[in-house]
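Next up: the structures, one after another.
Consider the two complexes below, in which chain A is the common component and chain B and chain C are the respective partners.
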Partner chain A sequence: MGDFNITVNGKTVPAVKGQTVLQAALAAGIDIPVFCWHPQLVPVGACRICLVEIEKFPKLQVACATPAADGMVVMTESPKVVKARQGVLEFILAHHPLDCPTCDKGGECDLQDVTFKYGLDYSRLQEPKHRNIVDENSTFDDLQIGPEIIRNQNRCIHCYRCTRIVDEACFEDDLGAYQRGYHTEILPPPHREIRNLYSGNVVEYCPVGALTNDDWRYKVRVWLTKQAKSVCTHCPDGCNLTHWTFHNKIFRATSRPNENIDRGFICDIGRYGYQQVASSDRLKQPMIKKNGELIEATWEEALNLIKTQVSELKSKLSGNAFFGLIGETSTNEEIYSFQRFLRRVIGTSHIDSRINRKRRLTFGEEVTSRAIAPDHVSYQDIDKADTFVVYASDLHSENPITALRIKRGVRYRDAKIIIINSRSTHLGVRTGATNLLHKPGTGLAVLTGIVDAAVSSTTFDKSAVGLSDQQISEFKQAHTELLLPKAAAMSGVGESDLRAVADSLVRSSNVVIFCGADFSRYPYRDEELLALDNLRRICKSAKLAVLPESSNSVGAELLGAYPNQYPGGKGSDAKSKFEDLWRGPLPDFSGKDMIGILEAINEDEIECGFIFNADPVRVFPDGNYADAVLEKLKLLVVVDSFMTETARLADVILPLSTFAETEGTRTNWEGRIQYTQSAIKPMFDSKPGCEILELLADRLGVSFGQGRPSEVYGELNKSLGDVLPVRYEMFKSEGAIYDRPKHQPKPGFNRVAYNAIPSDREYPNFLTVGNADHHRGPNTERNPSLLKFTGDPFVGLSEIDAKELMISDGDLVKVESRTGKVVGNARVIAELPGKVVFLPENFRELRPNLLMGLKEKFDHVKVTKM
Partner chain B sequence: MILSNDTKSKIGEYAKKYPKVKSAILPALHYAYEEQGYLDDSMYEEIAQVLGVKFIEVAEAASFYTMFPKQKRGKYYIQVCRNISCALLGSHHLTQYLLQKLGTKLGETTKDHLFTVVEVECLGSCCSAPMMQVNDKYYENLTLAKVDQLIDEWRAAK
Partner chain C sequence: MFRVLKEVFIAIPKGMFVVFKQMFHKPVTVDYPFVKPPMAPRYRGLHFLERYDDGSERCVCCGLCAASCPADAIYMEPAETERGERYAKIYEINELRCIFCGFCEEACPEEAIFLGKEYEFASSHRDNFIYTKDDLLVKWPRTKPSEVKFLRPMRRVAWQQSEEGRPQH
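For the complex of A and B:
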């Protein structure tokens, strides 16, 4: 319901205070043409195509920038309006080349559509069209302005959507409008390219074909394509995508605006990340290892082999000699089917999805043992917050759209960002963020220092946040080593900076704290969680969000991909319930986790396993160990879409369809379950996960009759109605959030123990892992468009270390640890603190996990010039 | 470092007058132009630093205005109005005459670095057309003879 009504074309339309005429009309289903307006940008009224007639206004008004007012009478298609639009178009077309037949935007061009509707079939303007010539010898005026983006200035209608997206929404500075009038040029600054992580959006939202990208250009006409609803699988943000397909091939991905999540802007990783579907190392058909070599086989052969081998092993060994690992980008239905297959068919509880963790604790355990937990945070909370704390996260590259949402807060609500990290990250650039850059491993001191600064301040209103004098003095007594000024000295952050941050946190009315990948990798994570919880206590209202690793990590946690949890987070008392549901006996409730599994294989307790959509050899934080151990197995079945390092060790490989060929749901970081349509039919001889798992179960004698995701979800829905009350069909319109259990915090502060990173003379540097530009995690390397942004594999060194070791950019260097070594070219990174070596995760040639030791808490390395 | 510290501090001072620093970009460009006689990327960079705005914001603004030349130009910057009143009274011939007399092309600078001739939009002096602006001064009701005389004076003065 609106605050008041306006009349549009004789129809009464509700409007909300602050809405423009355009917004009110659109909400009521009345269409007004626009070029420059975009729902996520401040209106500028640049193009004039949205002119409407409003009673009592002497002149026509732009609907996009005119606020709706009570009683307004608006006409959007009156003769006067139509004539004005004709005039606007005549001017826009005066210099437009009208080269629709060779324009990539043809068929989905706003200018084409609006001209089709309103345009005249003649022009009174006789002047020659202005042409922006890029190359005197060519009639194509195309200019490559970034790794992916091509500009044709002639087609530009000067709506400035592109430059506003870059500047206003993304806080980037790599695109601008130079000159004026018809000389206006859209260009990156001199000697630079447009290459920010969100750059693809300018192509999507350019209303004409002035900006196009290599990805889609000249490959297919848009009207020939079909569209499929998809959800990005590259990070847990869960952006909604549309896949555009033709003849069972995907040609591009665009955003599918979801108000709750992405609001129409996606990052380039999501935009170009579909390309891996057609990668040349896709597994095309089943393979069987014979005499040490993998050779192609039929499904029949592969399944039969698995059947004979598993039955044989099972007759000798118990279910405890088996294990299963599943990747966290799998769908909820795959994860559920997988754990059911292992528990019920194979008879083992050795299941895990956290294959890249060295640490054993899970949040579930932390929650029960410490009575603290992350809050249930959603994008809506971001919109309400006035302060964000980003702790140990490169949020910009780990959760690009979450970062964008935060930036919205900065842009339109003057929200503040406080970044606490040991390396500087892109989120801090131009957002006015406060950067607390600390020495590696001292985050705990920073957090505790801030809390101390807050509670020691004379103006601190403890009763407002429910703290007592006693609790405060207990806090001080418990942390004598971490209070100010020691905290400042230890972390290298200025004492006044800690005080300033404390002050601004105390004064904020709504804080959201994010922690990310660097936090998850940190060995003393649970202590940090306690310290973050303390930070929460000094704020009037604060929520803590721990961002998960992958697009469906939350689903994995929820649906029993862990050894000590049944689906729905149920404990051992649910055993009989699941035995009834799955009509058969289940093994002991508790099983081994990732590390336990590898150790058990090493000790020959486990001899056979199933690895589904996961590459532990590539990502387990001791690559050499994982490699050697998995090699020992009597039978390893790998179900995957690509020829991974792990697949090479398999005895049987079953080709898995990718996210684009598989229907299913995934759960993003908020806990929002979203549905993905299959865009294309399974490629090659691959099959979707649920079908493969049903085939395997059936072959091994237990049929569930649930080869389709909807069937699997049906069971889930029935058995876990308390956790997943939503029916499968409902996801198809909009994702739904599942409610995490709420936790009652215990009063007062937690006691935090600080563990310094031990110094290591022999290996003096500290290894940090992260993302290279346009990559996220280890799985983005099969996308050619993304590789264009990245450059060659590199070893990141700080300026200080580079100088000390006399290494300059491009020098070949060796990075060694106690367990392994890698060789690569050095890249000196100004933002890195001394003693830190940075390795991106995405390069196969430079796998950081080769330097990690299972037994080492911290990853110490040494760099030498070669 | 191209801009003098003096200019930079003037820019910094001026910026304080505005609630949004972005508004100070134009005055800053004027100061820089006054000092250097032209503008280029490195000056934009310095201005951006002084004001704490993005490089691209300065560059965009500078490129928008024709009154900021982007190259060094002659000592006498001759701007002939080409809009309707002046055009009707022969400004086009005037420009051609100037170019021929000085042996140069539109927008280019004579070899002796004395003259640069450009055409500009209306300078608001239609009542005394044809007219031109040379550096900061208006010369109105022009005739070819008047132009000859002016050029001779300037050449003599150097």
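For the complex of A and C:
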């Protein structure tokens, strides 16, 4: 209960110290109308509609900005209040055009609702309404102020929610209020557009139709739509979405505030990412390859073909001649069904989901033996931390909502942020972070340099972090090549910067270390994890989070989509348990991982494969190799929603429903399992994943009778009751974090081995791969709205390199490596350091994986002007 | 027995007298379809969509007629003109479902839809009863004067007038 009580409309309401009258009343279920107030923003009291009468106050007060005090007596609907609200509304409506019939907000407009409740049905204004003329020819004075945002200044009620959301919740600077009084205009700064990654939020939270969305413009009236609860699948943040559907078509996605995750603000990738569901390259029905061409077929034909071919191959070869790859955006139920299908029905353990990594990702022996593992970080830990270290990650584009939480900490709790990366990122630019911009491939030197700076400092308190003199001297002996002066010289980061960072880390009481996609792709991943663990040892309290790449990577790990792991992270000793559960023999415990599978296909050991919702040809870091190898297969069955590069090689394609048509659960990076409703019925002739896998299993002679996600989850819960002690229905509210095993790391520093990267005279530039603005991963280019922000595919070059090669923006350039080449238009990026070439991984025309060689540790490329 | 006699000798002549009396009255029926009966001033017949004085459509496809329709007879899809105006790309009324209650006319905020006096739209096929926008919009240029007296001028006209300083509400 609260700290004290106040009385609202005669009802006793508990209130917490620091709460406003409005918050206390809303928490007790008493409704007070608001326009300018939002729980995540600082109250300003701009709109005055929340006026309430408080005893002993001579005048009416705004509930949103009046702190609650013990014994307050508040009346929210007294005649005086109602009269005041009518007055406020009369002023707001004096210049509000009554164009509700054409306004996209009509039906969900706060002003409509409040006017309906309190407003007068006539106007006393005799003078003409003020009009902000944009163009003499236009009827409605709409102005496009961003790729997706349209402003109608006439409808604006000057609550400043939009500008405050951009500033206080999204920490961007591309929207502001100009002029004064009723001439006030909401505009981006001169010569700019509103195009930040969170720009859609201003539309969602505009209380009137002043800011509307190009995507939702004049499509469907809001009262006709149905809403479906969904979870975003574009990144592992797991933001909650609402899909608005009409006649089996999705028309928009909005946020569904979840206090544990997104708090009501989502990024544009999630907001417009639903468009790919109706993309033109959706697979509409099953396809069969005949004479080298894919021909449309029926489900019956496709399944029969798979049945005959698989049984034929199985009679000749053992189960080891099969493999399966699954994409990490699939639901937990699909992943579980898939690995069960392969292990029990096909009889193979060659299963993997980590298809976009060059190096084997079973953490090295040293890492395992020292029991180093990522901690169980959650969003709540971010709210508590006072220092963030972001290592090898462009957090802003990879995990936008996590980045938002961090920025919130920086703004409101004065938290520090330290970014260690070889390229400058948006997060570093916008937060005033300490940027340690190092030469590519020298992250280890930076990390070890910081640790050395900390332990060498005279003020370092060893006992506070439980280190002994011996451990420190051992550390110094082991890393003579990576100690401070050398580390600074090697990485190109100033020695004083390293010392300053070490100092602030030692002083912080609560550190969270993030490492992201660049880290996962990195050749020295194991060594880096050891080095990051060293960094953790010098802090009083530090947690390490390795952010996964896809929306359900954590689920893939949890549910056994790995070659040497049963569901629930169970080892070989659980084999008999799963044999009992699935009523049949299982193959050998250990199988081949992604790289091993490709090698085995190359050596003709594997001849048949199932690829589910994954596109290895597009994302495996040697595209040419993956393409050539998969072509050799006797039978390749691809289950996917889109006509991908891999699907073109398939012998049989089965159309899969997308995330919007599939019910299921997904696990975000915290380990929170959340439930997704299917928004629409499966489009075309596609089927949801669990149903397809059940059909396949049934055809091949083993029926599980679990074609629906809830049934699969039922078994999952039975077999993994110790890990997932939750019933399916319970996820439907706000999700739950599953229990993860705790690790006990061994004391002392880790030894980090480091080999310097040989420079390459012929191919002098380093290739870095990342996300273009408003894109994430390979699927976002199917969303037309997101393409509006980025434009065409590009090759990012640093200013120094561009000058040297006489290349300017838009020039056609050729990027070559030892394994391949791509051609694209150059874009000069000021933030890139020299000798670094940036390629976005989001475009089919410009696939960076064509430049990557499986055998090469680092991707060296050469750029020439064409 | 007495009852039967009473019917034969009293009731039948009484009835026949009424019939003979009517022979000298003017008939109530008219010679339809050659003669058409007069309609009540508020008669609700086939819908039509009105236009502004410059020929542009009044309907902005707000969906209120469809929302108010108790028979769910109206379907529409909006789109945008080059001037940024909202209009109905598709507007269909299923006249078989329609119960001619006039709620759509009542709900219309733009004074676009009206129920006219037309009642002759029989057809031998159900599909012919789905009236599209082409069927519903009044012909332009008008072949006969509008049946409606409008209260609100066109929005564009309203803007212009307000700039000249005349009050607009």
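Throughout what follows, the second predicted complex is superposed on the first by the 859 of 866 C-alpha atoms of A that agree within 3 Å, B and C clash if a C-alpha of one lies under 4 Å from a C-alpha of the other, contacts with A are read in each partner's own complex, and residues count from 1 in each chain.
Definition applied: a contact is a pair of C-beta atoms (placed from the backbone, for glycine too) under 8 Å apart; a residue touches a chain by one contact, two chains touch by 3 or more.
What you see is a predicted model; the values in this text were computed from it and never measured.
Colleague: Which partner, chain B or chain C, is in contact with more residues of chain A?
Modeller: C
Colleague: Which holds for A:P189: it touches chain B only (first), chain C only (second), both, or neither?
Modeller: In the superposed model, A:P189 contacts chain B only, not chain C.
Colleague: Applying the document's definition of touch, where does A:R430 land relative to chain B and chain C: first, second, both, or neither?
Modeller: first
Colleague: Give one of first, second, both or neither to describe whether A:D381 is in contact with chain B, with chain C, with both, or with none.
Modeller: Neither chain B nor chain C is touched by A:D381.
Colleague: Once the structures are superposed on A, label A:K219 by its partner contacts, choosing first (chain B), second (chain C), both or neither.
Modeller: It touches chain C, and chain B stays clear.
Colleague: Would you check which partner chain A:Q179 touches, where first means chain B only, second means chain C only, and both and neither mean what they say?
Modeller: First partner only, chain B.
Colleague: Contact residues on chain A for chain C in the complex?
Modeller: 99-102, 106, 123, 125-129, 131, 137-140, 142, 217-221, 223-224
Colleague: Please give the residue numbers of chain B that touch chain A in the complex, ascending.
Modeller: 41, 54-57, 59-60, 63-64
Colleague: Which residues of chain C touch chain A in their complex?
Modeller: By the definition above, chain C touches chain A via 60-64, 67, 78-80, 83-86, 109-110, 155-156, 159, 162-163, 165-169.
Colleague: Can you list the chain A residues touching chain B in their complex?
Modeller: Listed in rising order, the residues of chain A that touch chain B are 167, 173-180, 189-190, 430.
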